Structures are given as C-alpha cells and as structure tokens.
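Below: the structure, in structure tokens.
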Amino acid sequence: MTAALAVRNLGRDHGGGQAPALDGLNLDVPAGSCLALVGPSGSGKTTALRLVAGLEVPDRGDVLLDGRSVVALPPERRGVSMVFQRPLLFPHLDVLDNVAFSARVAGASRRAARAAAAPFLDLVQMGGYTTRRPGQLSGGQEQRVALARALAARPRVLLLDEAFTGLDVALREDMHELLHQLRAVLEPTVVLVTHDHAEAAALADSVAVLSGGRLLQHGDAGRIYTRPASVTVSRLLGGRNEVPGVVVGGEHRSALGRLRLPTDVAVPDGPAVLLVRQEAVVVTGPDAPGADAAGTVLAVRAAGARRALTVEVVSPGGAAVQVHAETSPGQVFTRGERVGLRLPSSAVSAVPPEDAGTEEPEIADRRTADAGRMPRTHRVASPAVPDAGVRPDAPGAPRRRNHHGDHGT
Amino acid sequence: MLVAPALVPTVAVLVAGLAAALAQSLGLVPLVGRPELSAQAYLDVRPDLLTATGLSLGIAAASSALAAGVGLLTALLVVRGAAGRRLLRFASAVPIPVPHLVGAASMGLLLSDSGLLARLVGDQGSWPALVHGPWPVAVVAAYAWKESAFVALVVAGALATRVASYEETAAVLGAGRWARFRFVTWPLVTPPLAAATAITFVYTLGSYEVAWLLGPVHPEPLPVLAQRLFTSPDLTARPQALAVAVVTAALALAATVATLAALRRTATWR
Amino acid sequence: MTGGRRAGGQPGGRAGAVLVRGSLLLWFLLPLVPLVLWAAAERWSAPAVLPQRWGTAGWSAAAEAGAAPAFARSLLLGAAVAAIATPAGALAARALAHGLVHRSRLVSALLLAPVALPPFAVVMGLNVLLLRARVPALVGVVAVLVVAALPYTTYVLRVAYAGYDTSYEEEARLLGATPRAVWWRVRLPLLAPALAGAAFLAFLVGWSDYIVTVLIGGGRLVTYPLLIASAASGVGNEAVVAVLSLTSLLPPLALLLLAGASGLRGRGGRGRPSPAAAAAPAREVVVR
C-alpha cells in the first residue's frame, strides 16, 4: 500500500500580492519512511501538507505518488489520509463506525465495514471501546481512534498535521511510541508537520525545515541537528549555541579557542559561526583532562529532569562568549562556579555567518553543497539555485532516534 | 444566489403587503367608487385609533414587563445550581409549544367569572371582570405567561455557559452576592433580556387572537379594531381597517428600531 | 462556591426561596389545569370546584364539530410550512454564515423583518392583491406563513452553520468520501439537530396560526386553531375548548419526544454512556 512521495517545485500563493504561502518546494520521501516538516507558524508546512492531501490546489508544481502525478485527483482518490490536530471524530457515529467510515463510503456494508475496521482499533489499543461515542473518550483516546480511522483507509501516504500537539507530554510520548509500532507493522509513508523539533527528532527519518514558505534544509534526522545548514536552521531546530569566529584550515578559532571541525563539515576559510547543540556540550570539572574550554556558570535553570546552564567563557584576549549546556540529572552546579566544557568534535559544525537583519534562506544541505563556494556572494544569489541539495541525504535504511547518541545523553 | 429562496418571498410578501396596505388606507384601492388619494380614512378612524393605540401599547408594555421579570427570575434560578432546577426548567418550557390561541383559551377557563380561580375563591359575585372587562388583565396574563417562558429560554441560553464561571471569578476577586449580580450577571443578562423583551413587545402589539378572545369589548386593541373594520359589511370601512394596520405596523417598526439602536450601544452585543 | 447561591445565610432565606420557586411553578403550570379538568368533565356547573360528573362528552362534541379533518389540515399546513421554510432557511443561513452574500447585514435584516411586523397588517394589505391575482387561498396562506417562519429557521441554522466545522468534511474527503457522500454522511447528520429544531419552529408557525388563515382563507380553510377559536368565542363550550386545546398540544409534544429520542439514540444511547453525555443533546433539542 505504501508509496514514495515526491513534491516538485510546489507553490501556493496567498491572495492579494503577499509573499507565497509556499514557494518552490521540492521533497522526496521514500516509501515507508517518515518525514517531519518543521518550522514556525506561517512557514508553509501545513500548506504543504494540504497541497499533498488535495485539500488545496497548488498554483505551481506537482505532487507525485510512486512517480505518478496526483495533482488532478480530488482528495478522496489520492489514497492519502490525514490526522489533524483535533481528532474530528464524527459525533454521530460510534468509535467503530468512525474507523469503518472509509470502507462504508467505498461501498461496503455496515457489517463488513465494521468487521474490517476492528483490527485497526485493536492496533491502537482501543479495541474495548467500539460502541463508545466520541464525546465519551479522552483527548488521547480520541486521537488514537482518529489515527486508526486514518490507517483503516489504507493510505499510501499518512499525513499528520500537528496531530499530537494538543496532548499533554505523557500522552504525546505514548502516541510517539504507538506511531513507531504502527510503522513497524504497516510501514506507511508518513509526513508529519510539527512546530516541536523534539517531536520531529523522536519520530522522523528525515527532517525538512521550512521558513517563510521556503525549504531551508532537508536532511537525515540523525544528522540535521548536528549539521544545520545555517544559523537560521540551527535556531529553528532549537539550537542555542552560536560562537562567532573564523575557520582556518578545518579549524574553528574563537573565544573558545581552537576546535577541529569534523571532516564532513566543509566550510571555506574565513568568518564562520560555530554551532553545537546544548545537549552535546559536556560539562566537567574546571581542570578535567580533555576540556576544550573553561568558564564561569552565569545561570542555572531547570529543564525537566536536567539542568540548563549558561557558561561564560573569556578568552585569553578578553573576548567573552556564552555557551549553553544541558547537564545530566545527577550533576549539580551553582552560579559562579568554574567549570570545564567539552565539545565532542562529532557534534560541532560551522557555517558562514548571516548578515544581521537578512532572512536569506540557505537552500542547500551542507554536506551536498559545493564546498568551494563563497558564502556572501552565494547568499545574495541563492534564490537562483532552488534545486541544489534538497534531495534527502539518507534514502536508505531509516535511522530513527540514532541522533540521541550525538546528543550525549 | 443561495439566499434567494428565502429572500425573494420575504421581500415580496412584506413589500407588497405593506405597500398595498398603505395604498388602501389612502383610498387608492377602494372596493367601490373611484381611486382618490386622501387621508380621510385616518381622520374617520382617529378617535378609535387613539384609544386603541393607548390600549395596545399598555397591554404590550405590561405583558412584556411582566414577562421580562418572571422570565429573568426563572432563568437565573434555572442557570444557577439551585434546588429543583430540573422541575423549574421543565415547567418553564411548557408554554413554548402552546399556541397563543390555546394559551388564551385556557387563561379564559382559569380567569373568567366562572373560571377555576373564581370557583376556588368561592365568591363569584365579587370576582372582578378579568376577561372582557375594562382592564385587560386576562390578556396581559395570557401574553405574559407565554412570553415569560420565551424570555426565560433566551436568557438562560445566553447565560448557561458563562455566568457560573464569571461569578466564580468575581467571587474569588472578593465580590459579594449583590456585587456579583450588579457587576457580572446583570451586564451579561441585559442584551438577551432586552432583545427578548423587545420581541415580546412587538409581537404582543400586533397579535390578534389573545386580544380578541380575552380583551375589553370597548375600547378595542389595535388588531381587534382593524379586524372588525376589515370584516365590516360597510365596505367604506375597509380603508379605515388598513389605516389601523398601517399605524400598528409603524408602531412595531419604531419599537424594533429603537431597541436595535439601544442594543447597538451595549458593548457585549455581538 | 459552585452553587453561586446560598439561601441559608439569612433567616427566612430558605423559606423565601421555596416560595419563589413554588410561585414560578404555579405560574407556568396552573393555566393548563382547567384544560385537563374540563377535558374530562361531563358536567361541571358554576360554583363547584371540581366537575360533578366525569366523562367524555367534550371529546364526542369535538369530534362532531369536525376536529379530525381540521386536525389533519393543520398537520399538513404545518408540515408544508416546515418543508419549505427549513431548506430555504438552510440555504440562506449557509450563504450568510460563510460570507457568500453581498450586503449581508441588509439581507439578514430583511430576513428577520417579519418578526418585527404584525402579520395581520401585512396580510390585510396583501389580501386584495391575492384576490385580484386569483391566488388560491391555500397557496396564499402557505406563502405568508413560510415568510413568517423564515426568520426562525434562518436564525437557528445560521447559528448552527457558524458553529459547523468544515474540517469534518475535509477529513471525510481524505477518507475516500465523494462530495455527495460527504453531504449525506457528514454534513446532513451533523446539522440534523439544528435542522430538526428549525423545522420544529416552522411547523409550530403553521400549526398554531390563526389570523393569517382567517384573513386569507376567509373562513373556508378550517384549521384546528379556527375550530378552537370558534369554540372558545362561544358560550358553554368549555369541554370542547379544553379537548381541542389539549389535543392541539399533541403534535408539538410528539415531535419533541421524537427529536429527544433520536438525539439520545444518535449520541450515546448505546454502549456505556455517561448520564451527562447522554443528557446534553436531549437538552439541546428541548431548548430549541
């Protein structure tokens, strides 16, 4: 049932001469894999989903399922299901009839449709609730039924539009677990939209970052967090550390000192911003061997079970830089304390600095970009190269969750 | 044009009806004789028209005031978690599906000098003439009975989802019982109460059957006067009937416009 | 402070509250008591507080007066008004709620205008036109009553459309439903309570009208209210009036029970419904 989804140069305009809601989107989602569309509100991610579903008509471009265009097909004939942020269970039908809806409208008898729907309800662990009414379920239960209903339509592509956003944290993690199980059993192609980068990290094989209707970067979920293509992408994915400096011969020099960049980070010599996930920064004692820098704790903040530290590092030359780090639950730090910082070299990357005030999107994934290009001149001209590097970089085996290793938990 | 099936008949009936009423009242469509523009019908019917207008306005004002008071009280008791609210909710819904005519008929059986109340009191000789008497008590009672249920329904519906939480908020902020009513419930209640009362007023002003069945024989309320003139064997009375109709319609429209203007000033409306 | 109202605070408060509630119950229910008594009275002369002899004389007298055909005529009239005013109101409500109408404020004002105008005034004017155009009385009555019912159907359905979430239809499309199937399996069932409420109100307009039928029908179209009015305006007909009045409440009550029952069945009657969830839709229907 599953199909490869491809989106070619997809565009959709707002009315009234505003910037397009979506502009020149290109994406490939291999059959059976899971893509997360991440971005702030208004970035066009929901528009992209609705264009794929056929709920809106694109002004430009094409949507292909297994290589065949579906743009001319109405939504009911695309073989695409969607779960919205609200469960939208039909209030006049009981739970099982909701799941049986797709079979009913396909012409099956009520008995046959209900029989076919039952296994899907079992799949989401709602088998005991067949005759309940939607109003008698909790929010999490309703969303499970909505998921079962979408899957019972045997979609070639399953779309999730902020489907878990309305749930509390514990329920959301249950749903993530459930989605993993469903993917193992049914292997649907999944595109999910979320503004929660952690959810994207937890669920997706690849992540596409959108902003202002444009695709900024599409990359393997395990690597996009440690190899963001730009400062903007890093910020949209929740990255907090940006250390200005210069790259000289594969080495980043800044207030933190000299840090060797991974070999796959190909950044030309010149000004560059060092990016490193706060989760990847290891906080040690001030004189621990292997510390890359030492500084003073400016602030300690609870972040769930962990602590978020802000550490100020002052270089020998007097330049100060703040580094954010998250520590393991057992570690205790106080304000003013001297600590050492280790930045695992696999987790750091460097990108050309962005001009203050410009929101010029970087199109290309770093690892597929031309290593020798000049950052500034390229950025000015960047809209002219929409295609470069938006291919998914890991079309092979899904590597979900493997980025957790990178984060040094 | 999706609105056409509703809009076309509405506009056709209203415009044609009102225009024809005006034309007939001005002598342009006489049943006998030649059409002639004149205000003669208005002048002929003037004495009756004035007393009828006063009576009708009085009936409408008394009925809607009573309905507003009883309806508001009922709504407040139904919306708050007061004891016996289910019974009260049921009882206050009873008049809703009852036709006005039936309400009038049963009010007659209750309030006439041989009615149930007079029998319960026992002294029929001293029972006041509530039906067909000089004071339109039975008419007002019948309208108020039916319309108080309507007011209660509208106000309770508008309050149901809101008043409890707002009152709790106000209570947390330290407002006493009177202050909660004055500053929370009353402002919330005013727009729906005013709208429902205005609808009651306009309806009562132009409604025929209750006034005809229970009302004073003389003077007559506006609709009864108009109907008597309209069905009079004297064909020259027809323009006078239409003159009464036009005046009634004008009064109803004026009351509606005044209410809308007043409602527009209150911030919580819409 | 969940109650919001505590009568126990001051002495006599509780007795006062009971008195107020008792008076209100009496106010709403007492006027119907003579109807019940008279309908079962064979003989009930003046000073007696209760009938001297019980019986069904009123019922046979009502039947002789032609209650059955008048009842049927009024049922048909109410049904015709509901059948026309509900879909027409639904179309207008949909257009207004979805902003498909130019000058929507003017249009809604016009659609609500019949509430603000005395029906007798409009019909007295209209009558001469209907006669000259040779419009059959029945057609004229139905047309005017439809116009009188449209404000109610339009209003009820406009509220319903405003609260109607078109995402349900999108979801249904994605589950394979054609636009036609969406209409039958999603939109109609979801709007059914509001449609039923609107149709009920429109039926009531036709069922209880007196003055429009009298003026346009000229007394030849004898509906149930005409029968009641002619009995009530006479003397010594109390039992007939009571029987006709009581029976006139049956169709509205039957419709309400029907709507309440199907609401219960449709929204949580099966399985293990929580009482609150089951009661909510029934209340909604009764309120409408």
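In this document, chain identifiers A, B and C correspond to the written order of the chains, with residue numbering beginning at 1 in each.
Simple rule for what comes next: a residue touches a chain if its C-beta (ideal position, glycine included) is under 8 Å from a C-beta of that chain, and two chains touch if they have at least 3 such contacts.
Owing to the predicted nature of the structure, the values given are computational and were not obtained by experimental measurement.
Separation of chain B from chain C in touch steps, taking the shortest path, is 1.
Among the chains in view, C has its Cα centre nearest the centre of the complete protein Cα set. Taking each chain's centre as the mean of its CA atoms, B is the chain most distant from chain A.
With centres taken as mean Cα positions, chain C sits 17 Å from chain B. Averaging Cα coordinates per chain places chain A and chain B 63 Å apart.
Note on chain placement: the centre of chain A and the centre of chain C lie 55 Å apart, centres being C-alpha means. Residues 1-3, 5-7, 9-11, 13-14, 16-24, 29, 70, 73-74, 77, 80-84, 87-88, 91-95, 97-110, 114-116, 119-120, 122, 124, 142, 145, 148-149, 153, 157, 163-164, 167-168, 171-172, 177, 180, 199, 202-203, 205-209, 212-213, 223, 226-227, 230, 241-242, 245-246, 248-249, 252-253, 256 of chain B are the ones that touch chain C when the two sit in their complex.
Put simply, chain A touches chain C in their complex at residues 53-55, 74-77, 80-82, 84, 86, 88, 90-92, 94, 101-102, 104-106, 130-133, 135-136, 149-150, 153.
The residues of chain C lying in touch with chain B in their complex are 1-5, 17, 20-21, 24-25, 27-35, 37-38, 46-49, 87-89, 91-92, 94-96, 100-101, 107, 110-111, 113-126, 128-129, 143-144, 146-147, 150, 154, 204, 207-208, 210-211, 215, 225, 228-229, 232-233, 238, 241-242, 245, 248-249, 252-253, 256, 286-287. On the chain C side of its complex with chain A, the touching residues are 165, 167-168, 170-178, 181, 185-186, 189-190, 192, 266-268, 270-274, 277, 280.
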